[in-house]
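Next up: some structures, all given as structure tokens.
Look for chain A in each of the two complexes below; its partner is chain B in the first and chain C in the second.
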Partner chain A sequence: MSDKQTKTSREKYAEVAYYPGCALEGTGHAYNRSTKALGKALGLKLKEVDNWNCCGAMEVKNIDPKLQTYLSSRVMSIAANKMKMDVVMAPCNGCYHNLKRAEWDLQNDDKSKEVVGRLSQKAGHETYQAGQVETIHALDWIKDGIGEDGLKQRVKNSLKGVKIANYYGCMYTRPRHIFPEKDAGAGSESTSKPHFMDDLLAAAGAENVDFPLKTACCGGAHTLSDSDTSTRLVANILQTAEAAGAEVIATECPTCHSGLEMHQIRAEKTLGIKTSVKIIYFTQLLGLALGLKPRTVGLQENVSDSFAYVKEKGLA
Partner chain B sequence: MPIHEKSLIRPENLAVHEHLEIEGVDVSGHWSTFIESRVVSDYNEAMEEEIAALPGGEHIHRCWQCGSCTNSCTVNALNPDFNPRYWIYLIRMGMESELLRDKDIIWQCVSCHKCTHVCPRDVVPEGVMKATAHWLELKGHTPKSHSMIFDEVFSEQVFETGKIEDGRVVKRFFKRTGQALRQPWMEDMVKGMLRHLPVSLLARMGLATLIAPRTRDWGDARAAINEYVEEQQAAQRRALGLDDLVRAAQREI
Partner chain C sequence: MNASAARYIADIGGRLEQLIGQPDPGASAEMLTLGEEILEHWVRARGKEPTGDEREGFRLLALHRQGADKDPSFNACRETCRELAYHYNLLTLQPDHEESVQRARMMALVANHLYLFISGKMETAGLGEFCCSSKPIRTGLTGGVDGNRSAQ
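Up next is the complex of A and B:
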């Protein structure tokens, strides 16, 4: 533990265990591609968690929260015990949230600890012990691993004139008790007004608009099972972003991202609400700013078509 | 935002008398509407304990009714009838018939965690909503919601293979809920996606729906998880007295 504390974030995040999760191998593949491309361009090393499993997403907890804790703990156990890594980086909000949640449960809930110990033993792997790894989000990884100044020095195509609404969603900040490092004074992330994505995109030259729905819910959990609710929630986010003057909504979660894309189309079909705001992962935007090609950051894998837009802004 | 609580004065509790005279005063008509007294006699004293026995409901007893959950609620902003504070009150009071009036919307909680974030008593209202929706289904008050079916389809695949493949989950979900896979808005979305995708990626995506991605050597984990799920489900059935209910029903037949 003392070793980890004396190391700076720069040193710690130079090489991290990478947990892409299921969404990044499916609908969120553009996020996977752009995260890897960004790491390569910035000289940050990613070692994918060996033989990982699903963290439980938003569904397994509704069957039993302790199973979600077990599933997430297995991922951290591999990173800590097999790969001997100190840091796990998860770009997906769902994965990030669940690993954090598992960490908190294992520190504070004896019943969860007992269930995780029992299942790990039966499954034949070492039981994860709270505190063995530090789980971070892709935003922490860039913000603390490179920083705004580091990013500024590497920008080749400034995002000048790109008006962005930064959308963080639910799982990155709530509930606050599972994120003890947030709301911890100057320089830390805020759970009520998160700003890490704003900071990074501003460093790349973008113009962040004042967006009041940064942590609003897109209804991602019910994208398919209660589509009308999701469509109304997303339509509100899209319209508010446009009213705030945004041309782009920057995302940092594959569920939010595909939810916004899907329901942008559905809102037009079912509610007659047409919006043209582009939906782009923050890793794609930063990649473009570093001079990477649109295809290298997977712009072709987005449903929301932003090729013409990035060209117009001189980013392609 | 103020919470607009629903009124207990409902149309069926209003009495309008066409001809009524009380102590020489004519009180006929709408100008003097009477409210029938409301008697609650069907308390279900086991309800709180049963919901507390389901995953997520454990901390319901901590609630002191501040209303922060409803005040912050995403779904409440869309539908004022969606009121976690009120439902927690009804559950703790055992007012089952009142709760059942809202049985078809409780499952709509989107798990945004705003309530859990603001709750000063760590009730975890989000968990209580899930436990309550689950309770309604287990007791037979509501059919399985699409949300629960989605959770089951999703979790089954995770338990089986260790991983998820989106396309397969979506297909199984639509099949199990009896919906057509080709929704008009979905076709538009797929068309949008196909515009720029290279053939190699399409081939990879197509392959993924045929050969599900899986975690290697998952067998022991699968067995451990399935054993745990069975053990938990048996405990839940005991807590809710479901086996007794089934036996009683069989005797009647």
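Up next is the complex of A and C:
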């Protein structure tokens, strides 16, 4: 049995290749900042993937899915072959989804293998082979790298009294076949009712509300082409969260997060629907629970202004 | 065409708005039917006859499966449909529960999400008749919002 197979998740996730992706350098910068700060506070190391590229996002995938497979495979190839890492951690749902999809394609589709081999050769880097790295989300990283008990031991400012609706978005669990580690029994993530974010925030003292739209579509893909539909979908998510008793929507995807923030404002302006629920990354909430300052977790970079709220809750 | 499919999808949205504003635990069956009607619109717009089958005891879930055929992105509303079925069960199995009104409100909001998702998807794809004024847009008579939408 190889070292890679015998290592526990806790050992494997202690140091991971970090793939922030494009969004975390732009609209999702607060997620980037808080993920790094949280890792540091928890003693988990991140080594950013050298010279990483776009995962292919939606744009490339819609035009040429095989090219998206190649672009995602290049990121994994650098992590595996150049950096000699076993695990790639992608906090963005879109990046995470695309890397997992590329992994699946390279395991199951000969045409994808052929295209990736040809383009890798042309680009002058080693071809990624399926199984060389394990791709995980930031939620897996904390959940399996530290765990709820480990988190509880480190909490300095309990999230007690913070009522949260956990919003996972639609790409974290879909399509099911590219996430073979989910729905794998006790302790694994569920694709129909994901709970890793709920578990982590509960460990930090938060009160999770029963939120029926955890994985519902926010219209993110149509945010530019059909903004009104996106606004209506987001307004319904926000209203449902508030009706469920939430004061905060916790997010784990930069696209979902910025969509909720922007359309919260737009819903008030265009539809007259005013909601006051705060939108905060789960990494920011956990960081605050560990005693990090709001600015350290990038709260000032959020559009949704939650400074007064976190102060009121004794988190700042 | 049965009676339910004759209702414009926008009218379903209007009824759901009423049910969100005035949640009624006794309207669980109606909300489930509204969910089925929304899915029927999607299925019909894609040229198929809505199934009468059930899946896990719900026609709603069978209709969702039918709607997702050859369109995997439609699975983005899979859990919304399952939540609708779940809330129906809550309301019918525990009609006198102290949180019945809250449950009815949540069921209406979940059904509304299904409505918004599907009506938005139909509008973007230029499918179906979401209101009486949509036909000229849909058939390209006005050139559509972007001026060059082709007839469906």
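The criterion applied here is as follows: the second predicted complex is superposed on the first by the 314 of 316 C-alpha atoms of A that agree within 3 Å, B and C clash if a C-alpha of one lies under 4 Å from a C-alpha of the other, contacts with A are read in each partner's own complex, and residues count from 1 in each chain.
Operating definition for what follows: a residue touches a chain if its C-beta (ideal position, glycine included) is under 8 Å from a C-beta of that chain, and two chains touch if they have at least 3 such contacts.
Everything quoted here is computed from the prediction, not taken from an experiment.
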item	value
Chain A as common anchor, with chain B and chain C clashing or fitting	clash
Chain B versus chain C as contact partner of A:P175, first or second or both or neither	both
Touched partner set for A:A243, first chain B, second chain C, both or neither	second
First, second, both or neither for A:T270, with chain B first and chain C second	first
Which superposed partner A:L233 touches (first chain B, second chain C, both, neither)	both
Contacts of A:V115 with chain B and chain C, given as first, second, both or neither	first
Which superposed partner A:L290 touches (first chain B, second chain C, both, neither)	neither
Touching partner for A:A216 - first (chain B), second (chain C), both, neither	both
Of chain C and chain B, partner touching more chain A residues	B
Touching partner for A:E301 - first (chain B), second (chain C), both, neither	first
Shared chain A surface residues [contacts with chain B and with chain C]	170, 174-175, 216-217, 219, 222, 225-226, 229, 232-233
Residues of chain A defined as touching chain B within the complex	22-23, 25-27, 29, 51-54, 56-67, 70-71, 74, 115, 118-119, 122-124, 170-171, 173-176, 191, 216-217, 219-222, 224-226, 229-230, 232-233, 261-262, 265-266, 269-270, 299-301, 303-305, 307
Contact set on chain A toward chain C in their complex	170, 174-175, 192-193, 212-217, 219, 222, 225-226, 229, 232-233, 236-237, 239-240, 243-244
Complex contact set, residues of chain B against chain A	55-56, 74-75, 78, 108, 110-114, 116-117, 127, 130, 134, 145-152, 154-155, 158, 162-167, 170, 173, 184-186, 188-189, 192-193, 195-198, 201, 205, 208, 213, 215-218, 220-221, 223-225, 227-229, 232
Chain A-facing residues of chain C, complex	20, 72, 75-80, 82-83, 86-87, 102, 105-106, 109-110, 112-113, 116-117, 120, 123-124
